[in-house]
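Dropping a structure here in structure tokens format, bear with me for questions.
Just so it is clear, A, B, C and D label the chains in written order, and each chain counts residues from 1 on its own.
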Amino acid sequence: MKKFINNVDDILSESLTGFADANTDILEVKFKPDFIARKSKPAKSKVALISGGGSGHEPLHGGFVGYGMLDAACPGHIFSAPTPDQMESAANYVDSGKGILFIVKNYSGDIMNFEMGTDMLDLENQTIIVNDDVAVEDSTYTTGRRGVAGTIIVEKTVGSLAETGASLEECKTFGEHVNKMTASMGVAFTSCTVPAAGKPTFDIGIDEMEFGVGIHGEPGRKREKIKTADEITSELLGAILEDLKPNHNQEVLLHINGFGGTPLMELYLLFNSSKKILDQKNIKISRSLVGNFTTSLDMAGGSITITKLDQKIIKHWDSPVHTPSLRWKM
Amino acid sequence: MNAEKIFNNLNQIKLSIDEHQREIEKLDQEIGDGDHIFNIQRGIKESLDLKDKLIGQDPDQVLKEIGMKVMTTVGGSSGALFATLLINMSKKYNSELTNQKNIASMFTEGVEAMKKRGKADLGEKTMLDVFIPVSIELQKLSDHEDVKYIAKKIKEVAKNGMLSTEDLIATKGRASYLGERSKGHIDPGARSSQLAIEAICNTIIKT
Amino acid sequence: MKKFINNVDDILSESLTGFADANTDILEVKFKPDFIARKSKPAKSKVALISGGGSGHEPLHGGFVGYGMLDAACPGHIFSAPTPDQMESAANYVDSGKGILFIVKNYSGDIMNFEMGTDMLDLENQTIIVNDDVAVEDSTYTTGRRGVAGTIIVEKTVGSLAETGASLEECKTFGEHVNKMTASMGVAFTSCTVPAAGKPTFDIGIDEMEFGVGIHGEPGRKREKIKTADEITSELLGAILEDLKPNHNQEVLLHINGFGGTPLMELYLLFNSSKKILDQKNIKISRSLVGNFTTSLDMAGGSITITKLDQKIIKHWDSPVHTPSLRWKM
Amino acid sequence: MNAEKIFNNLNQIKLSIDEHQREIEKLDQEIGDGDHIFNIQRGIKESLDLKDKLIGQDPDQVLKEIGMKVMTTVGGSSGALFATLLINMSKKYNSELTNQKNIASMFTEGVEAMKKRGKADLGEKTMLDVFIPVSIELQKLSDHEDVKYIAKKIKEVAKNGMLSTEDLIATKGRASYLGERSKGHIDPGARSSQLAIEAICNTIIKT
């Protein structure tokens, strides 16, 4: 296994320490239980946004702690949901009196651990479940869709609303709205390598791709022969648009997300493939985000996310944000 | 039941899990995300480290503390679920019952809590396909006096439960994203749970 | 080869088109000859900064076109220096009357093509050669050191100075100063795959690394067995500090750069390893930058860059910048 | 010398380069960045595309236009150098000289310009280790009448120049970063240049 590590057991703590030291102006990292918290305390009380999940998806979530986005993030072990005490400690640390809003990606492990965290918590709190991945069929009899790259859009927009002093209820309602307007789907060319395992999670032929893949190296909807970028995009967008059913002339945010091992050049090429299709369908890309934001360690591949925009989402997308990995207007 | 016995069982569980490490790792790589083995090994190690502190304490206290340790160090689905099991088992501890009845009632309580926590039931291709039949069987056998007989029976039930997951289509947990593709693989959580139960049963059978 | 592409010959144009469409607020892309130009024309005339080089290092350089950094970037084919007409056209397009400053990484191909470009040019112009890579011995009898990840620091700081209305001479002098204060060195775990070749440029054992590697998949100083992050960092920093000879209590900018295929988690871990060593030596990290900025397609590995800081460099590092891949305070 | 002959030579060069594609690719992967073959193939293709436009024009004009095309489409070190060669050759074209003398003087001019452009000379493990000896030999033989003899000689000199790069330590170009590690590999630019010269010589020898 080829990684910059000293010892498999220390990866997380060493990496978090480096992360804290590289971002001393924005955040601090607390250990045992581990969480990342925004350094600047809000002037007026505001709803505190807390997210978290297994590590290995960096910059998600820690990279989005800061003004205009998250108040805290709870990093679990690699691909393992964080533990309830992390959420409880983070909440007590960042609470400023207006309640806590947890933003949780829809995985059994995350849901259960966040629930146990809120069980322990004495603060008013609400939870938004992000489940933007259309690769998975949503049925009331199953766990439902996964939360993937759309999470960043929920975190950014709700983070902005919270800064305005909105109530916990308003933040939750808006976050659920943004989640509903958002759909994603991805494809992987290679497997990631979990450091503790030391080898790729799955084997895949040199001409194969895993279609409708998640962000943990778990298998996707199907295994297929590699296709052209245009063909892949057409399939991904097909599923996304079928879910979102955008109107004619719908304005959207197009987010091309890399899983970690794919060069930016290819992500921009995917953007181009997507735009060609969206243009044909009279869907207007009025905001865009391209890069490695919700990764799966070193996995090659990427995902497309679309959010249907309205004035409120646009406003809270455009507003100032100052985090390690998303920053503008400040 | 006492602290020493609990840690002794934990030691046996550790040996069995370590022995089947590669198999469990592979199962979660096939239909999950590959972290299950590391999660449970971390949980076992952290729990064993409590031994010096807990030895001599009441069994319910020991179970609760181990449950809390699992809750705060494991993470993932299995951390939440095993912690839920242990913490809720400890709540029902009643030293006035026979050992059999005590364990049956504790276990039933723990498994019911897991079902709630996981919003899951039998046949969803999870560790509950081991725990639910085991808790039912424990209840059934709780009037029985021969603990070795009970242990043999439970071992069998656990194994059948584990094996039953192979043909199921997962509807809970990470494997559920695979739909049809989840078929033909044993659930990693079911396998590790069955190995743990088997390790305890074997200890009873052998003494 | 596993990439998001339609056709090897169209990668660059499709990717550039996507890049333009994803950043319409900041820049535009011109084709034949290809260059990327800042959209907002400067209010007052300023020195125009132009960089460029082979593609495959994204976000370098196109991702740094925008206010406070580059006025234009000229992307060559993958790993091939751009052609002189690109530089000439870009210069004529962005010139605002105060002259052109070319920022060129020290490679034969780049130097020659930029020189031919300036030969064709009728505008006042100067060139800064960036050569921060200490892996390569600098001797007057050879091509000298390569320009690598330190380039971004030169582009950012000189870009800021140019916005203040500084003269061509001042910008050149400052850029050469920053370059001199900057040293880098990197290590690769895997080779990149050039799309036209379709397979990795070099073979490397599963327990080997290429030490002192460049950013084109070219071999490095030596092939070694993989070491721990702390050991690798110690060797890289050893060479860097031997070159920079920082004073006691020297303030530095620490830039951990990923080559494309290495997760952010590991880059932060490298930051941590670096800080431990710098702390021991009483070198103070007062600015930091961690991420994939000067990449080599999908190569796994990364580099460490240090710039010795003075008040002027700090000022121009901290000043507002608004490009696709580096943005703050605006 | 005329446009048709130039394009005919270019066609022969293309055949030889394509035939040795994998070999040239590998050489630049070993001690460079692997793009050399794509650079020269792009240059040849773009140049051949000029045929319809340039056929019938004066040789110097043809060389200049091809040189400009190479300059604006190839990039990298080889684009700059080959363009410099061709554009500077075209400047020295003098139809009043014998073909031998004309070519020798054009080539010398082109190679001198390359040396300036690359700030390089003989023995630095570059394409100049082919071009410089060839230009010297062309000068030497420029009084000779037997063009086939000249072609044979030049072919030999080019080959020796190319082979000489194997044992050299590179001091120019990308291979120079390797220091000692550059030894034992033929320079990719030297190989492609030698193949091009050989293709032209072979055409002369065969007609």
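Keep in mind that, in the parts below, a contact is a pair of C-beta atoms (placed from the backbone, for glycine too) under 8 Å apart; a residue touches a chain by one contact, two chains touch by 3 or more.
Here the structure is a predicted model, which is why all the values come from computation and not from measurement.
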* Structure fact -> The chain whose C-alpha centroid lies farthest from that of subunit D is chain B
* Any idea how many Å lie between the Cα centroids of subunit A and subunit B? -> 32
* **Rounded Å distance between subunit A and subunit D, as computed from the means of their C-alpha atoms** => 54
* Asked: Hey, what residues on subunit B touch two or more of the other chains?
  -> none
* At which residue positions does subunit C touch at least two other chains? -> none
* **Graph class of chain-chain contacts, one of line, ring, star, complete, other** => line
* To do: Would you mind writing out the residues of subunit B in touch with subunit A in their complex?
  => 25, 29-35, 38-39, 42, 71-81, 83-84, 117-118, 171-174, 176-179, 181
* Could you please specify the touching residues of subunit C with respect to subunit A in the complex? => 2-7, 11-12, 14-19, 21-23, 55-56, 58-59, 63, 189-190, 206, 209, 226, 228-230, 232, 254, 256, 260-273, 275, 285, 288, 290-292, 295, 297-298, 300, 302, 325, 327-330
* Along subunit C, where are the residues that touch subunit D in the complex? -> 33, 54, 76-85, 107-109, 112-113, 115-116, 135-137, 141-143, 146, 194, 196-197, 201-202, 214, 216-219, 221-222
